[in-house]
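My questions all concern the structure below.
Order of writing sets the chain letters: A, B, C and D. Residues in each chain are counted from 1.
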Amino acid sequence: METFERLESEVRGYCRNWPAVFDRAVGSHVYDETGRPYLDFFAGAGSLNYGHNNPELKAELVRYLTEDRIVHSLDAYSVAKRDFLATFEEVVLKPRGLDYKVQFPGPAGNNAVEAALKLARKYTGRETIVNFTNGFHGMTLGALAVTGNSMKRGGAGVPLGHVATMPFDNYMDGRTPDFLWLRSLLEDSGSGLDKPAAVIVETVQGEGGINVAGAQWLRELSELCREYGILMIVDDIQMGCGRTGDFFSFEEAGIVPDIVTLSKSISGYGLPMALTLFKRELDVWEPGEHNGTFRGFNPAMVTGTEALRRFWTDDAFATATKAKGDLVAARLEEMAAEHTDLGAHVRGRGLARGLAFADASVAKRIAAESFERGLLLETSGPEDEVAKLLPPLTMTEEELTAGLDIMADAARVATKVAQPA
Amino acid sequence: METFERLESEVRGYCRNWPAVFDRAVGSHVYDETGRPYLDFFAGAGSLNYGHNNPELKAELVRYLTEDRIVHSLDAYSVAKRDFLATFEEVVLKPRGLDYKVQFPGPAGNNAVEAALKLARKYTGRETIVNFTNGFHGMTLGALAVTGNSMKRGGAGVPLGHVATMPFDNYMDGRTPDFLWLRSLLEDSGSGLDKPAAVIVETVQGEGGINVAGAQWLRELSELCREYGILMIVDDIQMGCGRTGDFFSFEEAGIVPDIVTLSKSISGYGLPMALTLFKRELDVWEPGEHNGTFRGFNPAMVTGTEALRRFWTDDAFATATKAKGDLVAARLEEMAAEHTDLGAHVRGRGLARGLAFADASVAKRIAAESFERGLLLETSGPEDEVAKLLPPLTMTEEELTAGLDIMADAARVATKVAQPA
Amino acid sequence: METFERLESEVRGYCRNWPAVFDRAVGSHVYDETGRPYLDFFAGAGSLNYGHNNPELKAELVRYLTEDRIVHSLDAYSVAKRDFLATFEEVVLKPRGLDYKVQFPGPAGNNAVEAALKLARKYTGRETIVNFTNGFHGMTLGALAVTGNSMKRGGAGVPLGHVATMPFDNYMDGRTPDFLWLRSLLEDSGSGLDKPAAVIVETVQGEGGINVAGAQWLRELSELCREYGILMIVDDIQMGCGRTGDFFSFEEAGIVPDIVTLSKSISGYGLPMALTLFKRELDVWEPGEHNGTFRGFNPAMVTGTEALRRFWTDDAFATATKAKGDLVAARLEEMAAEHTDLGAHVRGRGLARGLAFADASVAKRIAAESFERGLLLETSGPEDEVAKLLPPLTMTEEELTAGLDIMADAARVATKVAQPA
Amino acid sequence: METFERLESEVRGYCRNWPAVFDRAVGSHVYDETGRPYLDFFAGAGSLNYGHNNPELKAELVRYLTEDRIVHSLDAYSVAKRDFLATFEEVVLKPRGLDYKVQFPGPAGNNAVEAALKLARKYTGRETIVNFTNGFHGMTLGALAVTGNSMKRGGAGVPLGHVATMPFDNYMDGRTPDFLWLRSLLEDSGSGLDKPAAVIVETVQGEGGINVAGAQWLRELSELCREYGILMIVDDIQMGCGRTGDFFSFEEAGIVPDIVTLSKSISGYGLPMALTLFKRELDVWEPGEHNGTFRGFNPAMVTGTEALRRFWTDDAFATATKAKGDLVAARLEEMAAEHTDLGAHVRGRGLARGLAFADASVAKRIAAESFERGLLLETSGPEDEVAKLLPPLTMTEEELTAGLDIMADAARVATKVAQPA
């Protein structure tokens, strides 16, 4: 590890909690260089919904590379891109009645967010974006401006503006009616809220603490946007691609966002890829008005195409995810019941789940104890107060149960020194 | 192509000039789906310095994937990352006496730029960045603010601030002493220039029109930064990794920037990867203060490691590149001599070369005629007035000559309808 | 009037509602050039709390001018300024136990606000200012950023940032606990609220619609600021100098703001003057760091000194104002009772009072009908939905009653064509 | 003085250099409270072009006040305002063929500048303002953004943006062609200069160091603005009202700015007043879109009207000012000749003159020595390196000579300890 300490910037983070040097990975397991296995409840922060090195995706990827198919093509046309687009249309868009145009904005989620914000501002001619407390959208300056975390915001080094923050669902514990504040501001010409171009929202805030927006809340938000001529952007980078069950996390609410961002698991194999989707009439981009070197990374499209074909041609995968989510939720409720004195409570939807504690140090200790026991488990929330579960959607029930057993055990140890709520 | 037109956003660009569907690529050639070969003078905008699908890099990549080594690991430690870091230190840093820390800021060049700007602002506690006319640094909001192109800036939808633009080398045709303006502003407390955190500069502006900063100009800039306590960022995303001969494009000038950005050819295989390098004392990042999902994409590190080992353990590759650059320059001078009435002139360094015309439409037509003849050639400059050559550094002299023959031919046709200068 | 129409900018406003050319003014009356008197319920938007051309102040002013005392002295020392400072200390600060330093920031209220915001930002090293819905603080760019009115904000032509808007007291009709939103944001490091330098608040929002902040709300705000290390700025430009009874409008709440702005009636005679007051420890200004040509306008200090001596050496004036305020309130309640079907209701404190209607056109018509009947009455609120009363504090009860009779009559006519609530 | 030190903010400035308490003022002299006279070479920073307490203006002012004419009328119509407008049209606009609309933007110069910037941005729909090195336009946030002085900019506490700074005439000692830089940026779509709404310029920079823009330079700037559709704002707050001879300082250059700001001496008596003038077609303001409490301060209009009538109905006053300017210049040249070793040189136009030294401490000492000898003389320039002369335009030749004698004497003492250039 001395190599890392000597050469890699202090900005590195995960390695501090997981002091291992990882080498191999298959399905639900990661192996360090000594061969020690770790069950993965993290899945690359939601980038590995189909597990590590899925053999069918790998076969397509290796074949593509081996046959000297084109790897890097910017936004020139390629066979791999055409396959991806056609498959995405057939498997994802058409069955859901979505008439979206597809933009390849660059390889990272933040590229998808930056493109979404630019387009919303260009289309409306307005500047303000409404974001929500504890939202997380990326580290580039445009995406960071709509991100809540104060430490990360502080890293900008310049003021982050053109944003108005609103309370996420349940932010104020039901002590104020939903959207009362936003609606008041929009209706009142003296409110000081410059009319927004768009809202940007996650249906479940992963980094923010596994905070779930209810379906009704999302519908009201969608309706409010329609009413006031504001675009609705759903950032589905972490919660899309089946994390909550359905392909898009907003399907359950029955809404159709104006703009959707996807990344993380869209390639299905951990390859960098991102998409910005938007309603056809919003496609007011000039050619080349937004560009980027790695926006045509064909291997990611190849695995992405294969993932769509393998997992999304019928409902089975979504149904299984929801069932696994219920299983996880039930076990987490049991754990919470053991620690009611610590204000433990369960959050989440589908296979994005969390166990939160009043004492912000507990989740950190659960993660540390889990690592000791061979389980990769992250924390989230502004104070890292939530033990976060993002297992591969392909994880078996046996693996899930094994991991939850470890976690329950870790929680018992971790809570021993905690402050009562 | 109907699939693209129906589904892909109007933002797509290169496909409009190159109406082909690419499928395979080997070395210096790309093949469309009908099997037609194209000689590639573009190299993925400088991302494919070692050609397409270099067989030795491919072998390492396929082996890594086949052996189920870890693909996606965020900023956890991995064997592949350790190999990359150690090799980068051994092959790149040590021989050049550079004591840089390495940050993996995300997969794209803009991530490297955003991280560089953030760090410069954080370290200095200042906000203004000095950039240069016709600079290009990326499309995310922070990077776009230091980019000159007005069409791309207009896409931001919000004002782009905290920047002071200075004339690049030779911008005013030698009619004003270098740095007279910048120095005047810095020395004068009444100038209105808020003290800058950093300058960001390309040694050769690729997108800006193959504008070359002379070694003396770069040294003066470096000296001026030192004198006033301003950090110097060299954006070597396009010109680094050997494009101008040496690994870093600034080596020729004998300077040591405070911060360096790399991307494009750093993985050597067109895989998304980016680095931000900075002097050890600048490493004031908090853990996790800048993050991103694809900042630990191991396959790119694997090919990047192999590329360093294959091409950079001695001077041979750099020497060959410079020689090829001279060959290209000589041929371009011949072409320019044919079209002196059109103000044709040659620009560039190493294997980043351009042929500029007074009439901005000429280069566009050369590119179109070249494509007809099976040569991929791009334009650059604010009005696309420069035919730009970025061939793979591994291109043979025969291939170079063949391509230059095509280009010369294309230029003769393209200039027929041009306006005299 | 043709002269005005030909030469004066379309930005002129009041003249459109009051199509008269005013010439003379004494006490509570203004006279147009034909000699027609108008009873003044407007008092220069609160700049003439002691009536027009108060004879005692006039005597001092004319004597000062006649004796060739210095008129314009920037921030050099002058006898008139010393008299003002000493009197302000003796009459205003000491009896209230306030240890404020006094800044003369320029002649206008916006200068006082700009200085307050600058100082708060400098002292704290932070940038964000919390303002409140429907706040009004002036038209210069810093003051406009904390002002709510959308039409006026639109005039900026650039984005107005570094501000976070919170609900003023009662803004959401009691449907959410006071400060729940602000406190949630401050306590949550993931909220996206960059830590504020200060809040800026009016105790009664004049332009915003005679919205009253309750004493308890102000105390909670003051406490919350103290708790989080945020400065509290009370903008007392319109409500200070006795408009609500006490000299400062915040006295009733028993709070001590960190910074206070005064202007409008501080000279007592309609002469341009403004003050920024702040706690002694906040005086971190560099000499000349904020300046302005008319910050030392001695005649205004002369009348200001005399006004303090005449009206503020005991409680009598404040007591009388409150009594008159009660009288006005009682009469307005009667009017409101006549128009309950129109949602009429009374607002205000001291001699800042308003009669609001659900139908925003009613107040405009009341003002127009009042003008016809010889009464100057303005409207306020985001939709001008409030008939606003700001009579001189020196107005007699007979004059008040006469004006209210006119207003009641005007209201009866104005409401005939109104939409029921 | 203890009163000031105890109560007045540390921001006070002039009083530190002139430790006297001023009391009376007549014509060219100011008297402190002990009766000591000071000859005034400062004239309220150009606010007292007709001297202190001009008896004819005073007579009108006192009569107006004594007759109980209206003092404060916001932007309602008043007899005094009509007189002013008609006189301004007759005496100033018509003879110069100017078809300007007149806005009363508030009492201070910064109000005039803020209104000018807002209007230029609104009219063009653009945001960037081009300003010039060492420009000074005021302390409110919009005006401060176009001001050069770094200490004053630092006071903003927030970034000052939407501005691009260009070199003022002669800024780079003739080592670069005029407007080469600005023109290059405007012509180049890759320059990074977002198309400006307007330029704002002083013809002679008073605070900036008595830097004179040549007539030819101003004409070229005017032409360049016309060519690119950019508005030209001349800030004539300090140099207008005859300071350089003609009423407007730009008349000599034969240009017609799109927008002009006036303040300081427009009332003629040191009363706060400001105007924003603009071409008729630019008057796109909405009623009330810019407002302010003291924008209708009638006494200032009364003295302003009288000043126009007394001084501007023929050329005599301008001619006399120019002659006096020549006299001052000649004497300053003599002084400079005594101190060529210190790099002394003369700057200025009309009765705005300066004597600059390479050693920035000299001018400060000249000012201090002058004060000792009964002469009020200020410094200016970014390092206060210029002894600045702004005597009343009504000062007699004898007084001028007496003052210059003092100054020459002071300079001899002050230069004794100076560093050679």
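Just so it is clear, a contact is a pair of C-beta atoms (placed from the backbone, for glycine too) under 8 Å apart; a residue touches a chain by one contact, two chains touch by 3 or more.
All values reported here derive from a predicted model rather than from experimental measurement.
A.B. asks: Name the pair in A-B, B-C or A-D that forms the same interface as C-D; by residue number, over half of the contact pairs must coincide.
C.D. replies: Of the listed pairs A-B, B-C or A-D, the one copying the C-D interface is A-B.
A.B. asks: Counting C-beta pairs in contact, which comes out ahead: B-D or A-B?
C.D. replies: Comparing A-B with B-D, the pair joined by more C-beta contacts is A-B.
A.B. asks: Can you work out the whole-Å distance between the CA centroids of chain B and chain C?
C.D. replies: Spacing between the chain centres: roughly 58 Å.
A.B. asks: Taking each chain's centre as the mean position of its Cα atoms, how many Å separate chain B from chain D?
C.D. replies: The mean C-alpha positions of chain B and chain D differ by 49 Å.
A.B. asks: If you average the CA atoms of chain A and of chain B, how far apart do the two points sit, in angstrom?
C.D. replies: Taking the mean C-alpha position of each chain, the two centres sit 31 Å apart.
A.B. asks: Any chance you could list the residues of chain A touching two or more other chains?
C.D. replies: Residues 127, 151, 158-159, 161-162 of chain A touch two or more partner chains.
A.B. asks: So in the complex, which bits of chain D are touching chain C?
C.D. replies: Chain D reaches chain C through residues 1, 3-4, 6-16, 18-26, 30, 33, 44-45, 47-48, 52-53, 58, 61-62, 65-79, 81-82, 85-86, 88-89, 101-104, 106-111, 114-115, 117-118, 120-122, 127, 138-143, 145, 151-152, 154-158, 161-162, 197, 237, 263-264, 269-272, 276, 278, 283-294, 297, 299.
A.B. asks: In their shared complex, at which residues does chain C touch chain B?
C.D. replies: 158-159
A.B. asks: Under the touch definition given earlier, write down the residues of chain B that touch chain D in their complex.
C.D. replies: 127, 131, 133-135, 146-151, 153, 159-165, 167, 171-172, 175-177, 180-181, 184-185, 188-195, 208-209, 381-383
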